[in-house]
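Okay, handing you the structure first.
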Amino acid sequence: MKIPLVYNLRSALRRPVSSAMTALGVAFVVGVFIAMLALAHGFRMALVKTGSPDNVLVLRKGTDSELASGISRNEANIIAALPEIATGPDGQPLVSPEVFVPVSLEAAGGGGDRLVVARGVTAQAFAVRRTIRIVEGRRFAPGQDEVIIGTAIAPRLAHSAVGDSIRFGGRAWLVAGHFSAGGSVFESEVWGENEQLMPVLRGEFFQVVAFRLKSPGLFPEVRAALDQDPRLQVDAHRESEFYAAQSAALQTILSFLAVFITSIMAIGAIFGALNTMYAAVASRTGEIGVLLTLGFKPRSVMASFLAESVAIALVGGLVGCLVAIPINGVVTSTTNWSSFSMLAFHFLVTPGILAAGLLFAAVMGLVGGYFPARRASRMPVVQALR
Amino acid sequence: MKYFPLVWANLTRHKRRTVLTTLSVALALFLFASLRSVVTTLRASADVGSETRMVVQSAKGIVFFLPQSYRERLQAVPGVRAVTWADWFGGVYQDPKNFFAQFAVDPESYLDVYRGDMSLPADQRAAFIQERTACVVGRSLMEKFGWHLGQTITLQGTIFTGDWPLTIRGVYRSLQPSFPEDALLLHYDYAYERNRTWMEPGWYVLELSDPGLAPQVAAAIDRMFKNSSDPTKTGTEQAFNTSFVTMWGNVSFLMDTIGMAVVFAILLVAANSMMLSARERTNEVGVLKTVGFGDRLLFGLVMAEAGTIAASGAILGLGAAKALFHAIHFTAMGFLPGFDVTAGTLALGVGIAALLAAASGLVPAAAAARLSPVQALRHVE
Amino acid sequence: MPLVELRHLSKHFQRDSQVIAVFDDIDLDVPEGSFTALMGPSGSGKSTLLNLVAGLDRPTSGTVVVAGAEVSAMGPGALADWRARHVGFVFQSYNLLPVLTAAQNVELPLLLTRLSKAERREHVATALGVVGLADRAAHFPRQLSGGQEQRVAIARALVSDPTVVLLDEPTGQLDAHSAAEILELLQRLNREFHKTILMVTHDPHAAQAAGTVLHLDKGVLTA
């Protein structure tokens, strides 16, 4: 670029208010863009982190949601006998039959009731679902009316502190502890002992049997074996794919919203940039004339003004990024329609999203600057000098 | 307004700038109206629900059934005129993507309780009631899939496993804007046949003889079943619908925040545009003042310019929002039935436009008012 | 061989449906190393003539040849390159870029060459030295007086060692004192550095500084 960039940067600063307003407009668009992407990404990550490729979930045939599934004890025992299941350090197969039921719990702050997933588990569940850690208190004691609550959902429920009691299923349950689960959906759940929860909730059926494969490559055989077994009416799902699929619908909605809203805002910001740059070109016709007289080519003039527009937009993009970054980690919640219950997750801002925001800003600057820059370059020299 | 030609001349001096700014305002208000309407629609659908209806669900959670035996006991509660029940069927029609609501109902009592919201020709009603494998479909659902009366469709059950062939014997129209027209009703007994061991009503809907009795009825019912193995949670139909809306999360907060960002961004564009124009006209202001135009008049002229742009943008943007969503029958795939840009939203939009005009025009207008002619005429841009 | 040759040069303008002939069939030779002033009443087309010599405009008919190159037949891209190398142009209103320092303004034509940064800096220093403003290199135009601005403009016109220096009313916006300084500078450039100068002016005083004075009136060029 033959024309020195410093000419453009300083010229932009000569109209500080105008340039600043344009940059700010871009900043708003980029800020909203990043926020919405962070929302969608955070939601997706919560679900993606939940599954691992060497875990298998077995549900009743024909359903793709734990909600509608039912597996008898008998079936669960047959499944547990599969040779492909890995064994734990204690020699026991890593199989976890689980009850899964959304229950109505009182929300914190008097907001009425919320549906939250209650999962009945055995001790093996903690081994199969590797990421569970007790962060406060302890595990529920066997044979007692006790539960542990996930860290994402605990702040949103009433009486959820360790040592307090929550009510559901017609009974009071002692909150023995809180647990984290690596940012996955389990952090939005309440866990209790199978044997305690089953009679209270849905009766003698499990909703899912989860187990660990000896190696992820064994999945196709396992799926075929379960499919062909005449005693069973079940389907096997790879845990990672299962949860990833759940995010699909809301992902689509959020992505659509993000694109729709930011596109319209972007058009507005581009119009702003257009106005600013056209005015800049108009007021600097003399300077353009000089540059052309001196022998700078029209395309250099065009590149020069384009650079000016992009520079202003990038400044705006940067501001937008800075403003949006603090949203990272903010927790929000929505309903996971596959389980019909509340899912708490955080906004997740990644370097990739920030880069996308900056790129977006640059594009806005390019589009907004193109026509004015072209006009600048097309100016007949003699006219410009007049 | 004899000065309007002057205002107009100024606006058309830089046609492109005026057009761009007006379009920006229009876009912003279009977006604002759209976002706001999501909130108002969700609230409206929560308000749907006749005051005379109440919903009884299991206190343990929506996924729990209530005993069949509750029917008679509910009917006996003073103030209850009629009782019906339903189950969420949750079947799949060909592809999970073709999602729509399906309810297994007791045909006669259900159609009776919802007679004010669903309109069904008498012969279709009769055909539906007497045929166990029949179903009734909402009009927009019919149009969406291109079905016709008498056609047999098959649903793959998820909660109720197996294949369920159903013959369409009726098409209902909704009589209230927010009442969804994209649901399917089938016989409770049809599903029960194959699932006797465990199927029970998902929830009961009651019609009250007097809406004022709602609190007492709710209290009476919940007290009645409090210590049983299936305690109930009874509330108005509105409360029931609202609970689904809140499941979305803090939607109104999100929409309002984005809406504000949008408005601010466009405010910048509009103000910038006004300033650019003002700067170029310093000389002219000097001439006008020399001729005898007063300070206040010039202030007014600049504000009028800002106002014209804002007004045009408002009409364009708000008008487009209202017309567009109406024309395409937008319902966000059924999630937002009865989506409409309300008068309230439009009024808010106009208010924002006025604010925009004031904010963007104020500084240039004040500057023009204060400018001394001599200074202005000497000014070389 | 004259440095600048104009043959049968004509320039017409079209305004709406009217054709205005600025001048018709002009012949002119500008010898190398000469200092020529071109005078005439306003609207006589002297600036237009200058623009044609500089390759900023195209004649309606006729040829412009500068140092053997037929300027009037060059395409716009070639003209830009040619101007960068052969022409130093000074405007009545100085036309310095307000956001660049004096040195940066003078450097502009050199950015179109392949000189290194160090070489460019050297040339700029020399040019500013010639016009007597070495101490103002880092100043912005707004910090300079009119006369100083014009001198910077002249330095910019000189820095790439052009074939011909063209000036359009260089003293038009200056007071008597500054004007005299500029004219003195021009004379020095012509005498000591043998620069060929063609200056358009309506100020007889300025014309006196030149070696040759031509008049353009109603499309007729006279000595």
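A few points about this structure:
We just call them A, B and C in the order they show up, numbering each chain from 1.
Quick note on the criterion: a contact is a pair of C-beta atoms (placed from the backbone, for glycine too) under 8 Å apart; a residue touches a chain by one contact, two chains touch by 3 or more.
Fair warning: this is a prediction, and the values are worked out from it, not measured in the lab.
If each chain is reduced to the average of its C-alpha atoms, the one that sits nearest the average of all protein C-alpha atoms is A.
Chain centres here are means of the Cα atoms, and by that rule the chain farthest away from chain C is B.
Per-chain Cα centroids separate chain A from chain C by 64 Å. In whole angstrom, the spacing between the mean C-alpha positions of chain B and chain C is 70.
Mean C-alpha positions place chain A and chain B at a centre distance of 25 Å.
In chain C, no position touches at least two other chains. Of all residues in chain B, those touching chain A in their complex are 16-17, 20-21, 23-24, 27-28, 30-31, 35, 59-64, 90, 96, 156-159, 161, 198, 229, 231, 233, 243, 246-250, 258, 261-262, 264-266, 268-269, 271-273, 275-276, 280, 381.
Within the complex, the chain A residues that touch chain C are 2-4, 6-7, 10-11, 13-14, 286-287, 289-298, 381-382, 385. The residues of chain C lying in touch with chain A in their complex are 51, 54, 56-57, 76-77, 80-85, 87, 89, 91, 93, 95-100, 104, 108-109, 111-112, 156. Against chain B, in their complex, chain A makes its touches with residues 17-18, 21-22, 24-25, 28-29, 31-32, 60-65, 67-68, 101-104, 111-113, 115, 168-170, 201-203, 233, 261, 264-265, 267-269, 271-272, 274-276, 278-279, 283, 332-335, 340, 342.
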